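Scrolling down, you'll hit the structures one after another.
The following pair of complexes shares a single chain, chain A, combined with chain B in the former and chain C in the latter.
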Partner chain A sequence: MNIPESAPSDTDLRSWLRARVAHYVQLDVADIDTTTALTTYGLDSVYALILCGDIEDHLELVLEPTVAWDHPTIDALARHLEETLAQGSPSGESR
Partner chain B sequence: MIDETGSRDAQAGIAGPEDDPATAASIEDLAAATIDTPTTASLNDLEHLFGDPWDPDNPTGHAAVLAADEAGEMLAAGERLLDGYGLNAEFVPPELGGRLTRLDHLIEVMRVVFRYDPCLGLGYGASSLIPAVNVWAAGDERQRRRMAEVLLAGGRAVSGYHELAHGNDFARAEFSALPGDDGRLRLNGRKEVIANARRAEAMVLFARTSDAPGSRSHSQLFVEKADLPAGAPVHLPRFHSAGMRGVQLGGLEFRDCPIPADAVLGAPGLGMETALRSFQVTRTALPAMTAGILETGLEVTARFANERVLYGRSLAGMPYIGSILADAFTDLLICDCLATVTARSVHLLPGETSLYASAAKYFVATLLMDAMDALSRVLGAQFYIRDGGYGIFQKHLRDLAPAGFGHTARVACLSTVLPQLPRLARKGWLDDTQPPAGVFHLGADLPPLPFERLSISSGGRDSLSASLSAALGSCELDGELRRLVLVIAAEQADVRRECAALAPGDLTVAARPEALRLAARYAAVLAATACVNIWLHNRERHDAFLSDPRWAVAALGRIAERVGRDPGQRPRHVTERLSAEVLSRYRDRRGFGLSNRRLPG
Partner chain C sequence: MKVTEPLIDTGQVDLAGFDRALGDPADPAALLSFARSAELDRGERFPADICRELDRMGLPSLYVPAEFGGALTRYDELVAALRAVARRDLTVAIGHGKTFLGGVCMWLAGRPEQARELGADIIAGAPVSWGLTERGHGSDLLAGETTATPEPGGGFRVHGEKWLINNATRGTLLCLLVRTRPEGGPRGFSLLLADKRRLPADRWRPLPKVPTHGIRGADISGIALDDCPFPADALIGEQGAGLEIALKALQLTRTACTALSLGAADQAVRLAEEFAARRELYGRRLVELPHVRRVLGEAYAALYAAEIVSVLAARSVHTLPEEMAVISAVAKSYVPTRVDELIAACGELLGARAFLTEVHEHGAFQKLERDHRVVGIFDGSTFVNQHVLINHFPVLARGHQKGTADEEAVGRTADLSAPPPPARLDRLSLLARGGCGFTQSLHTASGELRAPASAGEVPARVAELAEELTNSCDRLHRELALIPPASQDVQPEAFALASRYEQCFAGAAALRLWLHNRTPGEDPLWLEAVLTYVLRSVRPPGQPTDGEVFDRLFDARAAGRPASPPTSVVTW
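Then we have the complex of A and B:
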């Protein structure tokens, strides 16, 4: 997995997230709606933790493990990550 | 309750009934009690109170326990005994007036209870502990104080999570607490198969507080029965169970029942997160306490093997029987190592226990059940017969079954671990950061329980696993034990490789059995890591058995077999050392666990 030099744009991030979700739930990217709750795809509860780990490694951020519970669609998650990156500080300082 | 150790008993007086003479304990006694820890002395108090299990006239011995079980009732004399001892204080943190300073101590105390009567262990103990821990982890000042007061006064708490329709899938729980017209929350729905549903003064209820799907739609509620309107809740008929027959399993139904505005634990929506954090404490503690069942199983089987004469010789002298005893004893030691290291990790590595607690719950429960099954074969028909001298065995065997499915099914524990493994394989397991050595030092001091630092994910860290290669670096490790550690290290390397290659679908609820088995193999390696490090770090304890590497050789061999690796032929002197230890501990009345404690009587 490449780590981007600079923060990816919102669209990049969204399509990356969409690809990750499609990857885990084994659907075509085209079948993943960015406004649909991740729960609908079965990515809830402890299963949402895999996304959090992937995002942390991809963006080199430290996040709250519950990030995908609090921002439960791809759009919401992308928006939140975009803001976090813009602030230049991780949202989760708990470690 | 008056006996030689005034300090512990003074505490018991706080929780004891009004007429208990210990309530008159002096201020000095109380002050001493606050710094007291459940040392051997207080464990011995509890053992003394229970008395000789084999005495047919003992009101808390095996015969009485069996009679209560046959009647489907809790052992009343046992409940009174625990009231007097103030058992509930073991579940309350010290700043709230209790004795819950250390998880390993709590486990030791509860293990005594489970050895005598698992119904008391669950019905008097664990079912109040689970809701209490959730209040300690997420409750505000008032809620924490009230829960402590209820428990210290000898009250009970209901653990209200389970709904028949949803089982382990409690993210879909339907029981709801939504605002009514006046803005107050209204309870609607049922909680079923709930221990002490009718008998509890306080309850923690897991309820939906939002209609949205997802993991932020539930909250936990702390509700006292006294605050509910007359007629609420409606009690559903009792459920009758195959084991734990004395535990009163009931159901609660609420219909538009208003509750006080300040019932929510923490902020609304934190119910799931709080449960996943708090359950790390209880998933660690419950199976570890339950190991008391296997201790009794070993004692009963050793007694049988000792008494039974076939073909002109004692059963205990037959190598076949000796090897079954040795294996079951080894499994108990493995359980103790993993459970103790996990319990100490809750204090020392709270950020990582999301991995260890679920792995331990799976592995310890599995070993305990398999070992009891194996022992039942030694007893022959006597394990099937409900009365007579060995009747207690079949009760303990039945009472053990809920360890497999209760408080989260074993496979659901594996599915908590599994999604974290690929990232560990990519990164975490390449990091050589070691855990603090204190996780392996039996009995050494521990910092307070850090409820607030428990996290639902390990964030890609797993320092306990790194301590396997560190053990290999020790020059103390040689011979047969080193050879077996290398077998386990090979398994660890395979697990890492296979985790890195896991198919994405395997990280979801669609996981294949092979994928879940990887999580089980991870747990097995963790158990072996705990065993070898317990051996390495406790050799100065003047316990000739513990410092002898043979138990660790047997443990690693059993674990290797379990994951399908060939450990090689176990040397005969190893098996003989272990079976002889079982029989001598039985004859000398010593406990079968790691602590090797002398039992009174």
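Then we have the complex of A and C:
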């Protein structure tokens, strides 16, 4: 898969993730720290599955819905997504 | 009736023969009779003899996928078989059917030889139980405190209690959700298969049977494990994957559980019909009273709606596995709730007879009413399932707007003339990322009704109902898009939207079912009744529903005219 030219940069991706998480937990973006476990903000494990759909749409990737279980902070999630973008999506498919 | 040859076996599932062999419950000599069920219920005794007979008929092989040695190739057949048992006695269906629930995690995640071994035990009649819940933690699986500590030489040491577990004591084997990381979390739980024949007897004990309001004979109990050693090969799937596997398994078990409600509804309707036909009041038979006809006609419509959702959900395991997170939640929330209402309505017709424990088929009605109460509670309560649905609101709204539905797969689900393709359990997903095809394709479906309606082949009012449903579903999705995210406290309004969504799903499924199975010249009376039934709950206030279609439905059934959807299989 080719990385689109407009692929979000590291900081873009982090701030986008922060904004999404802030939206879901109904907090101010400034209150979301990228090194803190998402569950701390009340984003419970089952609800965290919904993030997958958002990220897939945003980055045009196919991900495991449990991606936020295995990468439970914004930093960890961003790192994983950057690696995935660099390699093409995990199953080798793109949408 | 004694059966020598199994009716359900690998490569051969004789559902009609199975149903016949179960007999007429009004006949005290039948395997499952109202008389025998009442006696067992009064004594709070487990129907062990009946379950043994079901084993002989081959029912357990329907709990095991064919690839692991069983007869399960179609989930709609599993629903039909469980419904046939539940129609006679819900306690028996719950006590026996639990083994399917106990096996599902293995079918999803076990090693092939491990799964075949469990399959062989099940077919030989070993009950298998599923231990998820604990004292103090019901639906909150991540709060579970039963701990499995990995041992240096391999294997685990398990400590804790699983409680309110169906068949915990009778079960030869139990699939247990245990904490394998002290801090827990979504990767902190695993599944272990407890084989009581292999565990040291001094390290586990059954917890006493808990007395219950309904299903009094069922073995609702628990198991306590005291640093009990488990072999390494007891692990099902990967360590840490327990929650993920269990949540996928629930998509299958919740779908199967709707069969229990259908059976209860069949029995409630039968008891009410027979009473209304026989009973005389003020010189007239009860069925001659307009109110009684209306109530029974509505009950048929409710049963059809529930049945369509249940059967198409079961077929969706084969055709729309990626959507099962939504479809199974809808089915498990919708079907038991509608059937609870149906039972209440039938109970009002029966009057005192719904309350007496010895008259009218040995008090069958009050037993079924008590027994069915548990279906909306176990395997994820209505609240829990609506919560799953509410979590999906953002993807449902997005999918509806984009219209990404796989129309062909929706069609294959609804077209009963073809057997469904093999189930792809590996495609089950915790997130129905594209939303739901049935509701997304309502526009196409109601569009397909327009031409036959203008040609006069279909009554115009049916096309109008389909149009109204489509508009209502669009309006609902606009509301879903606006509701604040439900990560924390879910507002009561969200549950009301979930209920409306379920009704839209039921209507969409009914419409699809009719479109893909219709025969020329057929009166779509059942469709009109189901759409009317569904729309009544989603109409804005101030738009009353004309219930006259329920009277026509009653008259058609009373006159023996075909008026049932093609999903109906009741043969008694």
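In this section, the second predicted complex is superposed on the first by the 84 of 95 C-alpha atoms of A that agree within 3 Å, B and C clash if a C-alpha of one lies under 4 Å from a C-alpha of the other, contacts with A are read in each partner's own complex, and residues count from 1 in each chain.
The rule we apply is simple: a contact is a pair of C-beta atoms (placed from the backbone, for glycine too) under 8 Å apart; a residue touches a chain by one contact, two chains touch by 3 or more.
All of these numbers come straight from a predicted model, not from anything done at the bench.
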Chain A residues touched - chain C or chain B, whichever exceeds: B
Task: Could you say whether A:Asp75 touches chain B, chain C, both of them, or neither, answering first, second, both or neither?
output: neither
- prompt: So, does A:Thr40 touch the first partner chain B, the second partner chain C, both, or neither?
  reply: first
Query: First (chain B), second (chain C), both or neither: which does A:Pro65 touch?
result: both
Statement: So the chain A residues that chain B and chain C both touch are 23-26, 39, 42-50, 52-54, 56-57, 65-66, 69-70, 72
Query: Which residues, counting only chain B, touch chain A once they are in their complex?
result: 171, 212-216, 272-273, 276, 351, 415-416, 419-420, 422-423, 426-427, 455-457, 459-460, 504-505, 507-510
Interfacial residue positions of chain C with respect to chain A in the complex: 142, 185-187, 243-244, 247, 388, 391-392, 394-395, 398, 429-431, 433, 484-488
Contact footprint of chain B on chain A as seen in their complex: 23-26, 37-40, 42-50, 52-54, 56-57, 62, 65-66, 69-70, 72, 94-95
Message: Can you tell me which positions in chain A touch chain C when the two form their complex?
response: 23-26, 39, 42-50, 52-54, 56-57, 65-66, 69-70, 72
